[in-house]
Structure formats: C-alpha cells, structure tokens
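We call the chains A, B, C and D, going by the order they appear; numbering starts again at 1 in every chain.
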C-alpha cells in the first residue's frame, strides 16, 4: 500500500465534493479534503471557514481556522456571524457541505466533543462544540471524520454536542431541525452511511485491505455490514495533488 | 426681530445638546441644530444618521440622510442595522438624543407620519415611519420639531406611527418601552415640555414676541400655559454660526 | 463561473410577473436605477416589493405600473420629495396594497432572511399602529406561501433577571425571489465591493433566492482580493453580474457621481401630474432601448456636473437649490 | 476626548475582581494578550469570562488564576492544543464553573447585547445537550443580576406559512462590564480599524458597558477617516486606547506578525505540568513589569521570524512543524 489511511480518508471525502458545493471545513484532514477536491474534481467549489473567511486562497496551510493564512486573498473577510448565517440561510445552507470530527459518535451520527464522564464534573474535558453544533444543526450534508476505535464509536454519548439523526427515524425533524443530517462517516478503515429510513449507521464502503470484520470489531455498537462495497484506492493523480499541491510540508499528512 | 422662526427653532434645540450626547438627526432643521451645537456648546457631541454614518464631517449640507455628503470622512460607515442598534443598545442608547418631525402630534407626544384618514384607504398618504418609530421607541431623549398649527396638534392621531408617552402616566412603560420618551416639542412659536407625572404636553417657554394665547389658539387640544417662561432670543454668535458656518447657502434656512 | 450578462437578460431571467423583490440603496443613493428602468421597459407587473427607504427606485417602479404590493418603512426622497408622489397617489387611489413597518424593522426582516431565522426581536413599535394596524388582508397572507400568516407579533421576554426589557416585537423574515443591488465594483463571479454606506444591501442580497448585481466597474478578481476587507458580497449568492456605468443615475453612487438635482426636481414636478408622468414613462423609459439611451434623454447636457470629486466622493459645490 | 492611557491604568480602572469580561480574537489570532498578561500581573480574581473560541488568552487567564466562571464554545488552539490544557485541568478539578454554548450561539449572544435585545433565535443546538444540560447552579443565575435566569430556552416559531422552521432556540444577550479588543490601528478617540477577519470583536465591544482598545499603532484620526469603510469601532463606545506593539503576541496580528509557533509549542508542553506552569506565570508574567519585558523573556531571540510579509499578512515559510 503506497498511501496512508489519512491520505485515503482525505481522498474519500474529496470525491464527494461537487462543483457547486460550499465547503465548510476545520483544519486538519478536512481542509486537505476540500483543497484536493478543488484541484481535482470540483474546481469551482468554495472553501470557507467558520471564522468568516470565504474562498481563501490557502497559499500555505492554516493550522487553525483563526490562522492568518485563511485571510489571504479571500473573496470576503466576514465575521463568525456571517459564516454561520451562510449555513443557516435557506438558499446557501442547502449547498454547504460541513466536515466535522469528534471524540465520540453514536449509531445515529450524533457527536460528542465536550466531555467524557458527567458534565458537572467530567473525567475528561474536551474543547467543546466550537462551531460543530451549528454546522450539524444547519447544513444539508455533514461528513464526519473519526478514528475507528470502539471507545469512540459508542452506543450512548456522554454528552450530545452536535445533533445528528438524534434517535433515528424522523426524530431529528421532530426536534425542529428541518434540514440536513449526517451523510457519511469517514474513518481510517471505511466509509459509513446512514440508512435513509432508520438513519442508523451502516458500513457502506471498505478501504482496500480492510475486512468488514475489522470495522465491526472496532465499532462499539452493532453495525450492518451487508450493504458494503469496496472503495477504489487513491489514484496516482489524487495522491500527487494531495501530497505535492495541498501539503508539501506534510504538516497534516505527517 | 433679526432672525426667522426657523433660526429660533434650530437654536432652541441646539442649546439642549450636551457634550457627551450622540445626536441622531434627519435632514433639515434637525441637522442644523446638531451642527450648531457642535460649533457652539457641545464640540464633542457626535452626529449620526440612521443610514449608518457616524460623526460625519458635513463639509456640505446633505439634503437627505442618504446623501453622499454624510459619508465623507466619517469615523465609521456602518449600516442601518448598526445605527439603530446604537439607539437600542443599553449603554449607548442612553446617550442618544433623537430629533424627529411629523405630520401630527397628540398631547402625549405620539407622532403620525403615515396617513390622514383611514389607514386602509387614506385621504392623504405620507412617507411613513422611516426610522422615526425606532428612534421614538429606543432613545432616552426625543426632541420633536413641528409647525404650530391646530390641524397638526390634535387630540387623537389618525395613525400612531411613533410612540411617545402613549396614553400618558406610566402607559409607555407598561407597553414595554422601558426607556425614553419625548423630552420637548419645538415649534415656530414656542417650546413645549411634558409633565413628569402625567406626561401631558405643557407650554414651557415662549419665543420673544409670541404670547401664550398664540400657542393655545394654534393647539388643537387644551394645553397648560401656567408654567411658561420666556426663551432668550438667539445671540449674535449663535446666529453667526448657524448662518455662516452651518448653512451659508441657506439650503435649509431658506 | 462567469455570471456577466446583459441587463435585459438578467431582468428577463430573474424578475417575472408577480416576483417578490427588493432593490438596494437608500432614498437618493445607489438605487439600482438602470435595472428599475429595465423592469419598467419589460412591462413587469404584479411585483411584491420590499423596501426600507429605498427611495427613487421604489417610486419609479410604482409609477411604471409594476408594483401590486409594497412593504415599506419610508416612501420619500429627502428634500426632493417629503413623500414620493407616485407612491402617495397609488396608495390614495387604492391601487397599491401597503404594509407599514419602520426602517429598523425592515432592516431586521432582511437580516432574519439572511440569517435563516424566522423572525428577529426588537422593542421598536411597541404601542404603535405599526403593530396594531395591518394592511394586507388575512386571505392574502394565508394564500401566499412567500409571506407569513402574521404581519408581526408581540411577545413577553422569557429571560428575566438581567434586563428590564419585558416585551418585544417579533418581525418576520423576508425571503425575496430576487434582490437587485448596484455597487461600485464587482468581478465576473459576483464578489462585490460597496464604497461608502452599504445601507441594508448586503442583508437584502443574502435574504434573496437570486441576486442581480449591477456595477459601475467590472474588475478582475485579483483587484478585489488585494483588499478583501472592503468586499461585502460573496460570489456564491450572486446569479447575474451586469456592468452598467451610471447604473444608479439619477441617484448617487459614492466616489463616482452625485445625485442629479436637476432631474430629481423635474421628476418631483412631473410625478405630481398623471399625464406628464405617463409621458415621461413612455418617452424616457419605454421609449429608450437601454440605460445609455435613457441617460441621453434624462441628462441631455451630459453628466459632467454630477461627477464625483475624488477626494469627497460627491460633486463639490453642485448647485442643489 | 483623548482616551489614551497606559495598559496598567486601563486594567486598573476597568477590570476589577469579579468583573464580567470578554476578550477579542480567535484561537491563535489577535487575542489582546498584553492586556491578558497585565490582568494576571495585577492579580485579578473571580472574573466571569465570556468566550466563543477566544483561545490562547482564555487559557492564560484561567492558568493565571483569574477566572471563576466561563461561558464558552471552544477551548482549543487549533493544532497547538486540541483542548487547551489549563482550561481542561481547571474544569476537571472543579475549580472553574463552565456553561457550554456553540460558536454561533455565543456570537449571537454578543450580537444581542450589541443590538440591545434580550435574546436572538437560532436553530442551532435543537436536540443537543447544549440545550439540555446547564452548568451554572440556578442560585447563581438568580442572585447575579448580570446573567439571565435561564441558560437558554426553546420556543415554537409563531410565524407559519412562509417557512418550515417550527422551533428555535433563544439565546440570551451578553452584557459585559468590559470588553478588551486588540486592533491594528486606532486613534486617540477610539475609532478603530481591524485588518483581516474581525471575528466577533465588534459585537463584543458593543455588548459591553466599557471597552479597552489595545492597538499596534496609534494613528491620526484623519488617517482612519481617509477610508472610513475600513473602520469598525466607533469612538463613542471606547473608554481606553492603549498602544501596545506586539500586543497580541504570542497570537497573530494580521499584517503585523504571525503567531509564534515556538512559544505556542512550548506553552502546550508547560501547560501540561502544574509546577512548570506556575514557574512560567511567575517568571514570564508576574516577574515582568510590562509587555515589552514579557516579550524579551518569551522570545529571547527576537521577533524577526514572525514578522508579517507585507503581501500575505503572515510570515511566509515560517517553520511551524
């Protein structure tokens, strides 16, 4: 295998980005995925950050969404209020793809990035929502990056930071979230989708060299593996763009 | 008399403006009053317009609050949202003096600038609120400019565009307007105040050469004239500033 | 994507009979007048127009017979018209249905549409007839999916303890089919820059399903991106970019030209007379092929007098008496 | 009015024990770090701090023992700290009371304070524990007049017919005693200009009873007024103007300098160890007289490496591994 799981993750996500998408991304792999898409399949897609930078040129890789590198030669330097309004807006929100990560995920794509243990006196405190709860509430398509580990794929979250499909079925809609919901989970092993009716996570596509049993063993809840297809490995061109154009210093690819 | 009623009105208003006031004004006499104050008694007062221009230099007189002359060398060129927020804001709103005009006024300083006749099919249609209802709702001190005519000083408005003291007493507060209310009415004859308890209009100060009976005769409702004092005429310096500095072309003074 | 197109095409594609629209600018400043004239030229009817104090363009759209319903805060043009006369006449004649709000309320309603929330709260208008008296009949509100069932509503503030605000007015979001904004500079993709006060143009654009940008100058993206802090319209909300020099005439465009006091005074006179006004619409608007032809008729002596001084952004010592 | 004063005086006058405060910036950018260090130096305690993702400054105020209560969306510093460690330790130890919101909710709460409305609505967080779980005890909310009785509340949308939004979360306004913002340029009266992203600084300032502006450069009013479109803070909301070169260090200040990756990596290491951190606070902050002295200790090799390239606004090819 001439590529790393991180590279496969970035490519798997980048392939889902369309030309008229507005891509919300954080730093890390999500930004590489968005940059790769712009250079390969979706040249007119627009990258924006919650900090308000729209269509950043990204001549160098930012290490945080507040990095001054996101401000260089943007189309507009807005505020946080502008960027989240773009996602909540009925017209533009439909075109936004949000890329998120978390400490825990449950079978319905709900995310925890706040605490392990009791909220009032947590065992481990994480950063908190940031813009994740906003993105998860607003945008039409959410892509979630996770490390595939049993302790991260749990039946029940310690804290529900970012709403996914909530309890599945139409519960998201009933709670008042009239749009969106998680579209897929991309891990170091595979791509998971959500059943269109029950909205429960299922194994959708396996990376080359990974067995469905590996995914089941690393998932802390039962997961349907019957609908699984193989995923094509990164092409030479995809790898070239990712490595040479997006992250030549390997700041994120490691 | 070596001055016009319009000049007296502008000077009467300008005398009430204090150094730390933020003055909301429209065009016309209200702007002259604000400019005169800056040049005479309140050099640090700030003039701003509902259009968002803050501390305009006013090298030439604007003929509308959207005139490009309000945009020149301001401190900040904000939006309408910014300017009204300045008035609704709990800290800055307390410092704002709002200057308004209207087609009709009632004994409690409520204003009509919308219609004469029935709202659904008016006899005369006026411009409507513009920012007047906002200013009247938000700011601590409102000064109202009126021509003193019976048909304009009416017991009951055809349409209540801008809330004053509503039905008097504590009715303004009860309706949810927790701050502000009209401070005075300045006409071509006199200055009217509002009783601190009943909030009904009373004759506060007469211009030189005007009798209380003139005011009573031109007011369409009964008005208390017992508390009336004389108002000093414009000083030579006040007139010089108004005429030579503020409106040398007599675009507003006529 | 290159979104430049002719004004004719932009209006044909995005402004149809019965459209819900808003136009940018304020009273006598930066109204998208070329687009307003093109809408009249194409004979659009039944428009539902949303305005705070959008001024000259609102009055001409009404005068041109395009507008059926109007939600508005202020129908005036400063000293040129304390009340715009085609607006006044249409309301008094009962041919134009009106719903009144304040400038802040209308601004908040555009902001709500831009933010994607159903309403925003304000203290403005408590106790007033803006809250008490409604203009549109309830049947219209119920049958038209683009307007809410209520004009507005008053609610008790659920948060106590840290404020003395007991009640607020909730004003509903505006979602137009199209917003038309005139700016100083734009690129082909739709990134736009406004010089001077932006009024509520940015929120109006973001509250709309479609956006037409008319601009004084079409510039390269890199020119705008050299100082992105000055840009205010992101490209992905824009459908059409139309370069139209003097596209705001007879209203002002900061840094380019002033309003034309001669034309505006003339307009105030002829808008007082139905016959004279009809002649004006025929000769100046319907009788001209485009904005360049309109300008020749409206300002036969040329536009030198109103050209902006580069230092002040307006025409210094312009005769405005 | 000339509002310039020393940082010591500004902090003494406007930041007192128990003050409710917010600081500008975002993660590793434009935090008012000189003011943060001065607050620690003066030993302020019991602060109630409001933050969206205000980053490094939040963690240092917590580490410096100044903060008793925190309302926050994100306690991280990008790749330098996925969770800021003094924040994490204080929460886990139970010495810091926390109330969690999202970035947009916190931004809206500052905006509500700036607008003078008691709340603003959003769909964000419906169905989440941000709505369900509250951090501060009800007794605190009831006894403290600067915070509302409720963390937030969910309401049904009263407007139907033109939207599919059925419910919204109402988030309450923030009204701080003081907001501290670091900007590139300000004049003596307090008019200020931010280059690059403004984050939520402008709303934070307007939501506050008092405002301290620290700036890289003090400039003449006329310089700022030559292009007012670039200015964002009006003078009448500002109480103190403090020129402090490198006032955002170790965070970035667009157009002036980058963040310092060497310092931030060092900070991430020492903030993991209580003893090392205590040493840092003593030697670098309490043991220095002012920001210039702090800079000498924090960046003994000087600041050349992080100076911004005038074209990009950041330090090109800075070693950030």
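One rule holds in what follows: contacts are C-beta pairs under 8 Å (C-beta built on N, C-alpha and C of every residue); 3 or more make two chains touch, one makes a residue touch a chain.
Given the structure is predicted, the values throughout are model-derived calculations rather than measurements.
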item: Shortest walk length in steps over touching chains, subunit A through to subunit C; value: 1
item: Inter-centroid spacing, subunit D versus subunit C (mean Cα positions, whole Å); value: 38
item: Separation of subunit B from subunit C, taking each centre as the mean of its C-alpha atoms, in whole Å; value: 27
item: Centre distance in Å when subunit A and subunit B are each reduced to the mean of their C-alpha atoms; value: 56
item: Touching two or more other chains - residue numbers and ranges from subunit D; value: 115-117, 122-123, 163, 165, 168, 175, 196, 229
item: Residues of subunit B engaged with two or more neighbouring chains; value: 71, 77-78, 88, 90, 138
item: Touch relationships between chains, expressed as pairs; value: A-C, A-D, B-C, B-D, C-D
item: Subunit A-facing residues of subunit D, complex; value: 25-29, 52-53, 55, 72-80, 82-84, 87-88, 91-92, 94, 100-105, 107-108, 111, 122-130, 132-133, 135, 154, 163-168, 196-200, 202-203, 252, 254, 258-259, 261, 308, 312-314, 316-317, 320-321
item: Interface residues, subunit D side, partner subunit C - complex; value: 115-123, 141-142, 144-150, 153, 155, 157-163, 165, 168, 170, 172-173, 175, 195-196, 229-230
item: Complex contacts: residues of subunit A adjacent to subunit D; value: 27-28, 50-53, 59-60, 62-72, 77-81, 84, 88, 90, 114, 119-134, 137-138, 159-163, 166, 171-172, 175-178, 249, 251
item: Contact set on subunit A toward subunit C in their complex; value: 22, 44, 46, 54-55, 57, 71, 73-78, 85-93, 95, 138
item: Residues of subunit D that touch subunit B when the two form their complex; value: 1, 114-117, 175, 189, 191, 206, 208-209, 221-222, 224-226, 228-229, 231-237
